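Next up is a structure, given as structure tokens.
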Amino acid sequence: MIIVMQQNASSECIDAVIQEIDRMGFKSHPIFGVERTVVGVIGDKTRDTLEHFEQFEGVERVLPILQPYKFAGREVQQEETIIEVGNVRIGGARLCIIAGPCSVESESQIMSIALAVKESGADMLRGGAFKPRTSPYSFKGLREEGLRLLAAAREATGLPVVTEVMDARHVEAVYEYADMLQVGARNMQNFTLLEELGKIDKPVFLKRGPSATIEDLLMAAEYIIAEGNRKILLCERGLRTFETATRNTFDVSAIPVLQRLSHLPVFADPSHGGGHWWLVDPLSRAAVAAGADGLMVEVHDNPKTALSDGPQSLTPKNFTKLVENLKSVAAAVGRSM
Amino acid sequence: MIIVMQQNASSECIDAVIQEIDRMGFKSHPIFGVERTVVGVIGDKTRDTLEHFEQFEGVERVLPILQPYKFAGREVQQEETIIEVGNVRIGGARLCIIAGPCSVESESQIMSIALAVKESGADMLRGGAFKPRTSPYSFKGLREEGLRLLAAAREATGLPVVTEVMDARHVEAVYEYADMLQVGARNMQNFTLLEELGKIDKPVFLKRGPSATIEDLLMAAEYIIAEGNRKILLCERGLRTFETATRNTFDVSAIPVLQRLSHLPVFADPSHGGGHWWLVDPLSRAAVAAGADGLMVEVHDNPKTALSDGPQSLTPKNFTKLVENLKSVAAAVGRSM
Amino acid sequence: MIIVMQQNASSECIDAVIQEIDRMGFKSHPIFGVERTVVGVIGDKTRDTLEHFEQFEGVERVLPILQPYKFAGREVQQEETIIEVGNVRIGGARLCIIAGPCSVESESQIMSIALAVKESGADMLRGGAFKPRTSPYSFKGLREEGLRLLAAAREATGLPVVTEVMDARHVEAVYEYADMLQVGARNMQNFTLLEELGKIDKPVFLKRGPSATIEDLLMAAEYIIAEGNRKILLCERGLRTFETATRNTFDVSAIPVLQRLSHLPVFADPSHGGGHWWLVDPLSRAAVAAGADGLMVEVHDNPKTALSDGPQSLTPKNFTKLVENLKSVAAAVGRSM
Amino acid sequence: MIIVMQQNASSECIDAVIQEIDRMGFKSHPIFGVERTVVGVIGDKTRDTLEHFEQFEGVERVLPILQPYKFAGREVQQEETIIEVGNVRIGGARLCIIAGPCSVESESQIMSIALAVKESGADMLRGGAFKPRTSPYSFKGLREEGLRLLAAAREATGLPVVTEVMDARHVEAVYEYADMLQVGARNMQNFTLLEELGKIDKPVFLKRGPSATIEDLLMAAEYIIAEGNRKILLCERGLRTFETATRNTFDVSAIPVLQRLSHLPVFADPSHGGGHWWLVDPLSRAAVAAGADGLMVEVHDNPKTALSDGPQSLTPKNFTKLVENLKSVAAAVGRSM
């Protein structure tokens, strides 16, 4: 931590800061510059004292030096985290494709889509049972019935399933049926939910919130790890910006930046990232080329009648084409599919 | 709903859209322009069919006409909603000042601050018992003990208390002790929590999320109203933008815009809005001048030792000055204090 | 400048950084922490070497300590800058109101509006002669004829005039007719234009760009000052964000933040800030309450027929009301009008 | 254009709108819905009347139907625009790589880099002679000397050169030496500069501003085309958002979106897009995979001593690796290099 004093800070102010650093059991290290004095603080590993020093008279600002996350970062663990879900191995050389409908709508719908995406080469099945919706008047998912249908689709196809959990009260039920539990973008900072997910032994698919920084996302992962669960997949799915041509602004840079900072696998969601089915193909290619460990893609057998996210869903036929198109891109960056 | 066809849309495409509108039981109303055909849809009050039509061949985009919220808007209720919390009347001519610490830290702390803010003219007491924190390693609040201390502070001062509820599982406990339940910015779209709050009969203080549009905020209110609770206060507390000189970008325009669109009272949180104690005074004055119905201000008796949000907290002495400064501004816009 | 080394930086890397600091003639000041080494650099007053050190092996990042602007900041000049335009004194206790149409459209239009705003209490007249327009097919202003009409309106009313200059080639012509030259938001970083304005002796009204930070705005002012012209007024007029209910997100916090960092007068433009005429009144009140030194307001005698910015323009009648409403707010914060 | 009336708009208000539409020579087409009346306007191809109608009593908002650009869009020209610069053909199957230093610094520097990038496979040479810098105290380029050095490097290598023009006054000089003229991100809405570039017969490399929407970028291209120059290349180089881990947020979606809306070639600038040299490789791969027609990459023979943008510049050695890495990605999406 570096404490930057104001230009005109008196020596009394500087002394008071130094005494406080010593009183707290840290080591102070002042540097007397030409225009400003800065005081280094050695020994404090949290950011909680940052706010404390910001309030001392004569202090201009306080700069953190250490990253606020520990276990999610590369400093504690350098080798990549590999996560196994059923017989799918995530984070290694093989690209992982998760596909399925936004919402589970009926048995025939999820079965039909599950078989189709399996056939086309998907590694896992997605499908929403509990749906967060902006409007209280929209379809909110089949809930536990949806979970049962997902489990049935797993039986039929052998594909492990991932589904969203919106509320700490549902963790138990979702845990019972799903192979991996998803935290949606709007819940990325639902801290009590993250804590519950830290207590289970199944992997968590953690989506970046639309206004979350990369550091925020890693801190959300840290919440889960801090409770004991280290099986976390990070997923970029687009930021909220001023641009309106796309539903969100897909931050493709987040993929290499996250991989540099963290050992956790990094996915991309090209469906929410763009918000239009015709963007899924170029964004998927871009994400894979940038180094993503996997993709989560929305596929619906009849997007026009989908109860949610139809415009950004691929038909099974277009999903088949997508997988074909991706193979050469994946190979170009050293990934198998 | 207005369906805009692509410039080169064939008459077959246009016919297919019209037939679908009719099939769904709505009335279609095509307008054949020079460069484009648009088709008006009469009778659909939701936005769910919007995505349906976006996927028809030849459709460029679909424009909603009706607002997605009903009960939160002025169209259903034109007169202002007045909310009573204890003997405090919110939404009328009198400005409502809510003050207190970010977190309840101890009995002596909350008592001392409660008495001080009461003395200076606060109408209600705030204090966090369950605290959402970006880092899992930060202080997360005294939880139920905090709730009990808040209730004790109410006994001692007569000030009604408001405190945050982060999780649907805590609604019952918070309901028992608090006079008003707060939804924090990060939980504004925690839809299952909103639903639970829709089932209670105490007012809800709903903070705008840092990347929520004004429409999103009104939809969050709609979630609560849809379950039956119409006692909602909206609160602007700053957006996440590229500007780093302030913790958030306080959107003062949201106050008059929300008041134009909705009948619900509108508050401002100048503490989170700016993130620096020295900004609380100008932002409070701005919010009151723009027409806010009330303010929520963080006050701590010793900001340096605060376990959270110290840098943006006022001392009781500065809070007293703030209230004094606000009186003439409030009077200038026809408000009493 | 503080150079933060990576956690695993070798002692060779640290030595290389220290040697380079010494070689450049600065003093190095290493702090060996528990998890990281940081190296303070004393004696460098620019930010140009920052990028140099970012590229050394083992360097994680480089933190600037000094502000990048000098003359625009409070460190070089603590007392407020007072600017005189004709007999108007800006930056002191008296609030300055600049009003007029977006574009000068005709002699009768500018005369009529000038007389009306003078009558209602405006201190200066605004009017666009050279108009930056998003579309090449929109009205781009009367250009030099517009300048002449503005000068005629000054003759008729005694109000000093301010008008925008978009291009370094027009500085001479605008200088000839105007009392103050405006830099529009889109030209805030048109550096060659800023340099030309630094060479004249008339005040410059510098609008903040929609994606400019407060630091960027002060650096734009620094460009002008660096060439010799210290008569600069800063103007907040709204940021580009994800919110679409308003044309821009008016950053009211920028007013007190700029006043804390700089000695230059700070204005607000509530017309562009909100983009709707009905927002001009609440945003003006908010800006004055937050401490603005003045306002720039668009007024048109017939907004419906305005060739630009009609929706955000006040009628002369509403402008008169605005001035009346502002008087008590100004008085509440110790300003006269 | 669709005029949406307020819910409670009187029939007088609706009639007044209809009469005005007729008076202006357009055709009105009202649709009387259950909750609202909307009025279609047929025959108006501009957006200028939009603001006019927004101000009528009883009008809630006005929705544009037609796109504001004509010549930049696909509706007027469906086939791709191919641009030839020297013997380089841009916009076809072959990917175009532009490389070179941020700034031209000396003859030996530009010669050395030009030869190196030519050797590695670059198609064109970039280099800044006139440099827009945030600080007035930074290096601003060698100006005309820089132009002469670029021309000399072209002679030596045969690579066509592109360089930025910041000011309409410099167009003539830059035109004399450069094969393609670049408009920098900060000047994307310098409309008088765009007009001058519309009058020349050399191609213009138009960078998207950091807060410009895709529509804004196409309108900037429209400015140039409206004056007669149709040789325009569009370039995505990152948006200003709240994320600070990267210098800008590179909007990879803009590539396919621009290609859908426009016939102009679309480039990406991975150097400014990320701001770190280690991001150039993944962002380049992502851009090519998403369908970019070309890349502009900063290369410096000694990034540590670069007078600008060192941290985001590749060494010639890393540039060679980049080109190698890109070949298979380009091939995977059907592009040659």
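Note that the chains are named A, B, C and D in the order they appear, and that numbering of residues resets to 1 at the start of each chain.
Basically, contacts are C-beta pairs under 8 Å (C-beta built on N, C-alpha and C of every residue); 3 or more make two chains touch, one makes a residue touch a chain.
All values reported here derive from a predicted model rather than from experimental measurement.
Where chain B touches chain C, over half of the residue numbers in use are shared by the two copies, so each contributes mostly the same positions. A comparison of the B-D and A-B interfaces places the larger number of contacting C-beta pairs at A-B. Each chain gets a centre from the mean of its Cα atoms; for chain B and chain D, those two points are 38 Å apart. Centre-to-centre spacing of chain B and chain C amounts to 31 Å, using the average Cα coordinate of each chain.
Chain A and chain B have centres, each the mean of its CA atoms, that are 26 Å apart.
Shared contact sites, meaning residues of chain B that touch two or more other chains, fall at 211, 240-242, 244.
Here chain C touches chain A in the complex through residues 2, 4, 7, 29, 31-36, 38, 40, 42-43, 45, 63, 65-66, 75, 240-242, 244, going by the rule given at the top. By the touch criterion stated above, chain A contacts chain D in their complex at residues 211, 213-215, 239, 241-246, 249-257, 260, 273-274, 278-279, 282-283, 285-291, 328-329, 331-333. Of all residues in chain A, those touching chain B in their complex are 46-48, 51-52, 54-56, 68, 132-140, 166-169, 186-187, 189-193, 195, 209-211, 216, 219, 222-223, 226-227, 240, 277, 303-311.
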